[in-house]
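Chain IDs A, B, C and D follow the sequence of writing; residue 1 opens each chain.
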Amino acid sequence: MSAHSTTRLTPAQMAWRAAQDIADGAYVNLGIGLPEMVARFQPPGREVIFHTENGILGFGEAPPPGEEDWDLINAGKKAVTLKPGTAFFHHADSFAMVRGGHLDVAILGAFQVSESGDLANWSTGPKGVPAVGGAMDLVHGAKQVAVITDHTTKDGKPKLLEACTLPLTGVACVTRVYTNLAVVDIEGGRFVLREKLPALSMDELQSLTGATLHVMGAVADLNAPEV
Amino acid sequence: MSAHSTTRLTPAQMAWRAAQDIADGAYVNLGIGLPEMVARFQPPGREVIFHTENGILGFGEAPPPGEEDWDLINAGKKAVTLKPGTAFFHHADSFAMVRGGHLDVAILGAFQVSESGDLANWSTGPKGVPAVGGAMDLVHGAKQVAVITDHTTKDGKPKLLEACTLPLTGVACVTRVYTNLAVVDIEGGRFVLREKLPALSMDELQSLTGATLHVMGAVADLNAPEV
Amino acid sequence: MDKTLPDLATAVAGIEDGMSVMIGGFGGSGAPVELIHALIDRFRATGHPKGLTVVNNNAGNGHVGLAALIETGMVAKLICSFPRSSDPVVFTEMYRAGKIELELVPQGTLAERIRAGGAGIPAFYTPSSFGTDLAEGKPVAEFDGRSYVQERWLKADYALVKAYKGDKLGNLIYRMAGRNFGPLMCTAAATTIVQVSQIVEPGALDPEAVVTPGIFVQGVVEVANPAQEEALIRAKAVYPEVAQ
Amino acid sequence: MDKTLPDLATAVAGIEDGMSVMIGGFGGSGAPVELIHALIDRFRATGHPKGLTVVNNNAGNGHVGLAALIETGMVAKLICSFPRSSDPVVFTEMYRAGKIELELVPQGTLAERIRAGGAGIPAFYTPSSFGTDLAEGKPVAEFDGRSYVQERWLKADYALVKAYKGDKLGNLIYRMAGRNFGPLMCTAAATTIVQVSQIVEPGALDPEAVVTPGIFVQGVVEVANPAQEEALIRAKAVYPEVAQ
C-alpha cells in the first residue's frame, strides 16, 4: 500500500470529483463531514441548490469567523449564510423533500458499502452512543444516493464489501461511490468500476476491495486537480 | 303537529341557542348552512375563533355586498373578512387542526342522528351526486361535535333515531343535538333530554323522536329570544 | 436557474393523454383559470390531451375553469371531495350520463393523501370515514382502542396551481384562502406548473414567508391579472366563448 | 383572548412528574434555553418535576439548556435522532451509566411522528429504517413493490418551544433555522408553551406569514433577549451557575 499511498486523492480531491457529476440546477443534500466539502467545488456556470435537513433550501457558504448567526446553521451545526432565494421550513416539510423524491442527489459518508448498494454509516457497533440523524431518511427518496469515502479503513481494511458487517443505514440505496482510489457504480448487485487512479493497477485496486470489481466498458483515469 | 308548530324555534333561534354553549376562547368550526348562523349570536364578552376547512383561522363576518374578495371565502364559498390575528394555512394543516383534536367545537347539520351518536349528513342515497366535503373529518377530532337540525324532516319524520338509515358520516361522534324543539345530549348510547320547548309535552316530543328520550335530572325550558 | 415559462401554451404543452393532473383551488379561490383554459385551447386545437384524471376539491362551477375543462370531455375521472355546488350542471349531467368517473374522498383525507404523495408516505391511517360507505374495501386497524382507515398516497403527473408571487427559482407565496390545496399539490406532482400574478427575482420574497419552496416547482408562468373564477361565474362567462 | 403568561416560572408550573415534554431546537438553533432553565430552577427548588420523557432532536451540548436539564437527573428517557454531538459528555455519561433511557429515531421519522401526533394520524408508513436495526419489532408492509416500516404518532403532555414573535392569540413566526421542530411540536402537545422575543398585538403579524396558527399554542411568555445556546456553550457557560 505504501507504494501508491502518495497518489491517493485527498478528501478535497474526492469532493471535487463528486462535484463534477452534479448537474446544473440540481437540488443536493450533503452529509455531515467530508461530503460537505463538495459544495466548495461546483464547476463554474453550474448553479446547485443545497438542502439541509434542519430546514433551509438554497443557503450559501460559511460566514467569516465572528460573523456567525447561530440561528442560521446547517445539519452539521455549522454556520451558513443566506443567498437570494433561500427558503426556511420546518422539519416535516424538510423531510418531505427528502423522502418524497425531490432531491436530485444526496452525497453521504460511509463506514461500509455493499455491492448490492447497502450502506452502513451510522453505528460502529454497540459500544458507543448510537446516533442516526437524517441518514436513514436521506438514503431513501433522493434520485441518486452517492457516497464519498476512503477506499479502505485507516487500518487498511476494505470498505467496499460483498455485505456490510456494521449496522445498516439503508438497503440497496447507494448507486455510486467516490473513493480516494476509484469511482464505482452499483448496478444489478455488482460493483462496476468506472474510474481508477492511473497509477493503480486493476489487481492492486481489487486487492483493496472486499468484493469483485466488474468492468463494463472503458475504465477512465481518475484525475483531480490540486485543490 | 299544527298545535305547536308556531312555537318551534326558528333557524336563527336554534343557532342562538347553540351559540350560548360556546365557551369564551373556543376554537369553533361551523358547518355549511344553518350552523354558519351560530357565528352571529356570540354572547357579548365572549371571544370565539372560527376555523374554516379551506385554510383560515380567526376570520370575521361577511363583508358588505359588493366588497367581497373571492380569495377570502369560507368552506361554504361565502365571502368573509379578515380580523386582527387571522392566519392562513394550507389544507393539510387545516385538517391537522380538525383531526388532531385542536378544535373545541364543531357544529354540523344533520339528516339523521342516532342515539349512539352516529351522524348521517352527506348523502340522501344513491340518486344524487354524492358530495362529502369536510364532514367526515370534522366529526373526528373536535373535542365536541354538536348538531343543529330540525327535530323532524319536512314531512314530519323523526331525524333522531335508534339507528340512521341514510349513509353515515361518522360513527358515535355526536354528543349534543340542538333541534327546533329540544336540546338532547347523547350519553352512553342514549338520547338524554336536557331542554324542551315549555309548550311541548314530553309525550308530544317523544312522539316526534325515533328513539327513547331519557330524562336524567331536570329538563330545562328551551327558550330563545326573537332574533 | 430560471424556471420561468414564456407563455401558458408552453406551460401546459407536456400534459399527455391519460395523465393525472392535480388542479389547485377551492371553489374559485386559487383556481388557475388561465392554465385550465390554456389546456382547453390545446385540446380544441389538437384533440389532446384527453382521458385525464383530475384531482380537485370540487367539480367546477358555471362554464369556466374546471367546469369548462370537464365540459370538453377531456376528463375521464375526477377525484374530489365535493362535486355538488351552486351551479354544477356540467359535472352533474356528465356524471349521470356515465361519461365521467368519480372518486369521492373526504376533504381532509384528500389533503392528507396529496401531502403523503409529496412526502414519500405511501399510506397512513385516519379516523375519517371509518364505518362509512367511503371506507368500503379499505384496510382498517385499531390503535390505542380506536378504529382507523388506511389511506394511500395520491400523486400526479402534473399539478396546475395558482399562486400570488413566485421567484425564478419557483419559491411561492399565495393570496389568502387561495392557498388551500396549492402547496400540497406542488409537492405531489412529477411536474408542477404555477401561474403567478408576478414573477420576481430571487431574494424578493421573504425567506421566512415562502410557503412553497422552489424545489417543488418545475415551471412558473406569469399571468399578470388573473381572472377570479367566482367573478367570471357571476358574470355568466362561458369558456371558450367568454360572453361578457 | 390573551395567552400571555406573566413569567417563565408560571410557564413551566404545570409540568408534572413523569410527563412527556417536547423541547424545540436543533442543536442550539431554536432551543428554548430560558424555558428549560426555568424548569431546572423549579426542580432544584421543589424536587419536581422528575422522571420526564423528553423529545428533542439532540441530547444537548455543554452544560446549559437540554444538557443541563439532563444533568439534573430530571429526565428518565430521551427520544431523539442524534445524541452524539461536539460536547455531549452529560448525556453520554448518564447513558453509559444506565441512568437515562434512549429511544433513537431517524430524524425524518421523528419529525413525521410528531406531525402525525398533531394531525390525528395514529400511524404511517415510511421507507426510512427499513431493513435496519431501528426497524426491529415494527410492522412492515409492501406498497407498489417497495417495503416500508409502520411508525406511530408521537404526542406529549407539554411542548416547550422558542419562536421569534408571537401575538396574544398564540400566532407565531420563527427566526431562520430556529424553526426546525418548533411548529410540529406546537401541534403535538396537550399544552404548548412558547417563549418569544416579543409579544405583539393581534394583527401585527402578517396572516400570510404566520407559521404556527394560535390554535396550537396555549401560552406565550416574552423573553426579550433570549440566550443563544451555541453562544453560551462557546462561552463555557454552566447552568445553574453561569460562569462567564
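Keep this in mind: contacts are C-beta pairs under 8 Å (C-beta built on N, C-alpha and C of every residue); 3 or more make two chains touch, one makes a residue touch a chain.
These figures come from a predicted structure and were not determined experimentally.
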**Q.** Selected pair, greater C-beta contact count between A-D and A-C
**A.** A-D
Q.
Based only on mean CA positions, could you tell me how far chain A sits from chain B in angstrom?
A. 56
Q | For chain C paired with chain D, centre-to-centre distance based on mean C-alpha positions, whole Å | A | 35
Q: Just give me the whole-number Å value for how far the CA centre of chain A lies from that of chain D.
A: 30
Q | Per-residue multi-chain contacts in chain D, two or more chains | A | 112, 115, 119-121, 126-127, 174-176, 207-208, 211
Q: Any chance you could list the residues of chain A touching two or more other chains?
A: 88-89, 92, 95, 98-99, 140-141
(Q) By the document's touch definition, which label belongs to this structure's chain graph: line, ring, star, complete, or other? (A) other
Q.
Following the definition at the start, I'd like every touching pair of chains, please.
A. A-C, A-D, B-C, B-D, C-D
(Q) For the complex, give me every residue of chain C touching chain B. (A) 26-30, 57, 81-86, 88, 91-92, 95-96, 102, 104-112, 114-115, 126-134, 174-184, 211, 228-231
**Q.** Footprint of chain D on chain C - complex, ascending
**A.** 112, 116, 119-127, 141, 143-144, 146, 148, 152, 173-176, 206-209, 211
Q.
Under the stated contact criterion, what part of chain D meets chain B in this complex?
A. 1, 115, 117-121, 167-169, 171, 187, 201-203, 205, 207-208, 210, 213-216
Q: Provide the residue numbers of chain A that touch chain D in the complex, in ascending order.
A: 52-56, 69-73, 77, 88-92, 94-95, 98-99, 118, 123, 128-137, 140-141, 167-171
(Q) Considering only the defined contacts, which chain A positions touch chain C in the complex? (A) 24-25, 27, 47, 49, 51, 57-58, 82-89, 92-93, 95-103, 140-141
